[in-house]
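After this come two complexes, each holding subunit A, first together with subunit B and then together with subunit C.
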Partner chain A sequence: MSDLTPPPRSAGRVLDAQLHLLDRTVLDRTGVPVTTVDALEITDIEVDTPIEPGTPAPVITALLSGPVLGTRIFGGRPPRSRLERIPWSDITDVGIVIKLGVDGDSLDLTWVERWMRDKIISRIPGGRHDPE
Partner chain B sequence: MILNDLLGLDVFDDHGERVGSVLDARFVIDGRPGQTLAEARLDGLVISPHSRHSYLGYERMDMNSPAIINALLRWMHRGTFYVRWEAVQRITEHDVHLRNGYRRFDARLSAAPGTTS
Partner chain C sequence: MKKLLGIALGILTAIGGFVDIGDLVTNAVVGSRFGMGLTWVVLVGVVGICLFAQMSGRVAAVSGRATFEIIRERLGPRAGLANLAASFLINLMTLTAEIGGVALALQLATSVEPMLWMPVAAFGVWIVIWRAKFSLLENVTGLLGLTLIVFAVAVFLLGPDWSQLIGQALHPTVSQGEHTVTYWYYAVALFGAAMTPYEVFFFSSGAIEEKWTVKSLAQSRVNVLVGFPLGGFLSLAIAACATIVLLPQSIAVTSLSQVVLPVVQAGGKIALAFVIVGILAATFGAALETTLSSGYTLSQYFGWSWGKFRRPAQAARFHVSMIICLLIGLGVLATGVDPVLITEISVVFSAIALPLTYLPILIVANDPEYMGEHVNGRLTNALGMVYLVIILVAAIAAIPLMIITGAGA
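Then we have the complex of A and B:
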């Protein structure tokens, strides 16, 4: 490997999907963890069709998260419809964690948590305030 | 398209000879400016001739300890190389095909400027 030449220089930050994005924790605008990254959505590549020279490279359009425990053990991936999107435009920083510029409550992927909070937890006596 | 479908696919050269599997996809944040981050453009693919999975990225980083783990993982990923997007000729559901005369580059992240942690 070391006898190969380095690739041409690029102006931007370099991210390897597996190393720097997948499985990373995602924090919302206030620093609250909202999910981890299970998959990445990129702009479409025509499958089984020759890619003409000069074709623009795909770009990441969204981070995806969903019920992946079973598929991680037994293989495959959940159907696309079961994965929730976080648009790339919502991301403010990629580092040890991925930071968003929006509140977690505004994301579809937290609806179960919000529903549990609003419909069940809040109806339990004492469920509307922090522990004392 | 979901990127994860690309990871682990077999890679073939223009003669139909298998050269490895897609270990990872490398992006560069230098696309059209967004509200906060620019678009992350697919720059190329990391390809390993001997393994479909990356473990901790030893083959791409300048880590060398613990020595026994380092030796094992580097052996598993010997011959790992990097090809740029321009070298990809066709992608099917089962494999990736490279163009005639594609060029292999050093896959180490230290060879690529702008690397994040």
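Then we have the complex of A and C:
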């Protein structure tokens, strides 16, 4: 045990994925909720091959949502094509909410919201007006 | 002056908004069977709802996070989903009961079959949620609900034996012909009716709808600490009316007409008019609150865009889910099931869901990351812990008591 060196000190804030990222609400550029963080995608690690010393630690590449929530609760993993991603580069702030620098409408994972808006809500009179 | 008016308005809406179909029915049933012997439960319930409503409002105002977002964050997706399923189903049951209540109140006024009023009531609820501003719907139903004060007036007009009423309240005994287990069953039901979880979902989400900040905290504290106890006082007046008129003649409360009977006996037609307006406003207000709460809980768990401060088009899934909930409620009522029965069951199930709702609020209200300097004080935490124990006991006891007593039969 003693020959293990302590992990290098990282610059900046240390985030605990469980505590600071998972299940937090994600807001878009205008403060509109987009989703909740259902899972995280990290860079690949080869399965069954020993990890070389000096290999950089995996990093988070995207926040995930959609069907992955079901598998997180009941186990298993959806196929890669079924993952709905928000790339990590879109994130501008991680606090008690996660803020994005892009519009929610530009993300693929908000398609259900857009579909319901365009096909149902907008077609009911008053759907596009402010409440009075 | 404007500020003073704001405070008065807040208090009045809190009083009027406290009572819903669950409180109306349960208090009348309890009064007609046990007299004032369960007064202590209402008092315990009122202190509890004050404590946790205030806490969730403070969390919402300081951190900008509503209760169900916090429940998901703190309990994780699995326990959060279990909680969502339980809260949502109970909320749906309460929503169904409230719409039935609106229809029953309209029946009292018009003698038209409640079945015909139900679609009208559900449509009314939807159109208000679709078009009316949040503050408007809250204030109008709250103020009109104040006419329920006629129950308190009726108590005086009936000229009861005060020493007997107070004696029953201070020295609770199980009245003759009733079983101790039934007494405790109704204690749990009354507790569930006073502390219904939807009130907390609605209160915390409402704080965000109305864009509360730290500055709003003082006013919200006054609203809660004055308004809710006065609402509890209305509940007791309903029970007292039933105690004075229904208990001696052993009339069982099976519909709203028995609930209002003492008021009619005391004040005639004018009193009846007031009580109908009051019940209509209270049930309609609660129907709005439960419908919104079902949208709030779903949206906050899944991270959808929500809120009445947005246009419906900007919160599409929120509005679609509320429409579906109203349709389900209407479908359940269309089977001809008795709304009063749904009410009685929903308040007991509320008691079961209480710990799931209130524990995460207590945890987050102590988290400085969310709350900064506004974390709970020691007294609040001590009270919160005591209530958590009470809530847990009530939740565990609810189902066995329901089975043993045959739902209070």
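Definition applied: the second predicted complex is superposed on the first by the 108 of 132 C-alpha atoms of A that agree within 3 Å, B and C clash if a C-alpha of one lies under 4 Å from a C-alpha of the other, contacts with A are read in each partner's own complex, and residues count from 1 in each chain.
By our rule, contacts are C-beta pairs under 8 Å (C-beta built on N, C-alpha and C of every residue); 3 or more make two chains touch, one makes a residue touch a chain.
A quick note: this is a predicted structure, and the numbers were derived from the prediction, not measured.
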item: Clash or fit (per the criteria above) of subunit B with subunit C on subunit A; value: fit
item: Touching partner for A:Ile96 - first (subunit B), second (subunit C), both, neither; value: both
item: Subunit A residues touched by each partner, larger count belonging to subunit B or subunit C; value: B
item: First (subunit B), second (subunit C), both or neither touched by A:Val32; value: second
item: Which of subunit B and subunit C A:Glu132 touches, first, second, both or neither; value: second
item: Which of subunit B and subunit C A:Asp48 touches, first, second, both or neither; value: first
item: Subunit B versus subunit C as contact partner of A:Gly76, first or second or both or neither; value: neither
item: Touching partner for A:Glu113 - first (subunit B), second (subunit C), both, neither; value: second
item: Per-pair minimum CA distance [subunit C against subunit B, superposed on A] in Å; value: 5
item: Those residues of subunit A which subunit B touches in one complex and subunit C touches in the other; value: 22, 96
item: Residues of subunit B touching subunit A in the complex; value: 1-5, 7, 23-31, 34-44, 46, 54, 57, 59-60, 78-82, 84-86, 88-93, 99, 104-109, 111-117
item: Interface residues, subunit A side, partner subunit C - complex; value: 22-26, 32-38, 65, 69, 72-73, 96-97, 104, 112-114, 116-117, 120-122, 124, 126-132
item: Residues of subunit A that touch subunit B when the two form their complex; value: 1-2, 4-20, 22, 39-45, 47-51, 53, 57-60, 64, 77, 80, 83, 88-89, 91-96, 101
item: Contact set on subunit C toward subunit A in their complex; value: 63-65, 69, 72-73, 76-78, 80-81, 130-134, 136, 299-306, 308-314, 316-317, 319-320, 369-370
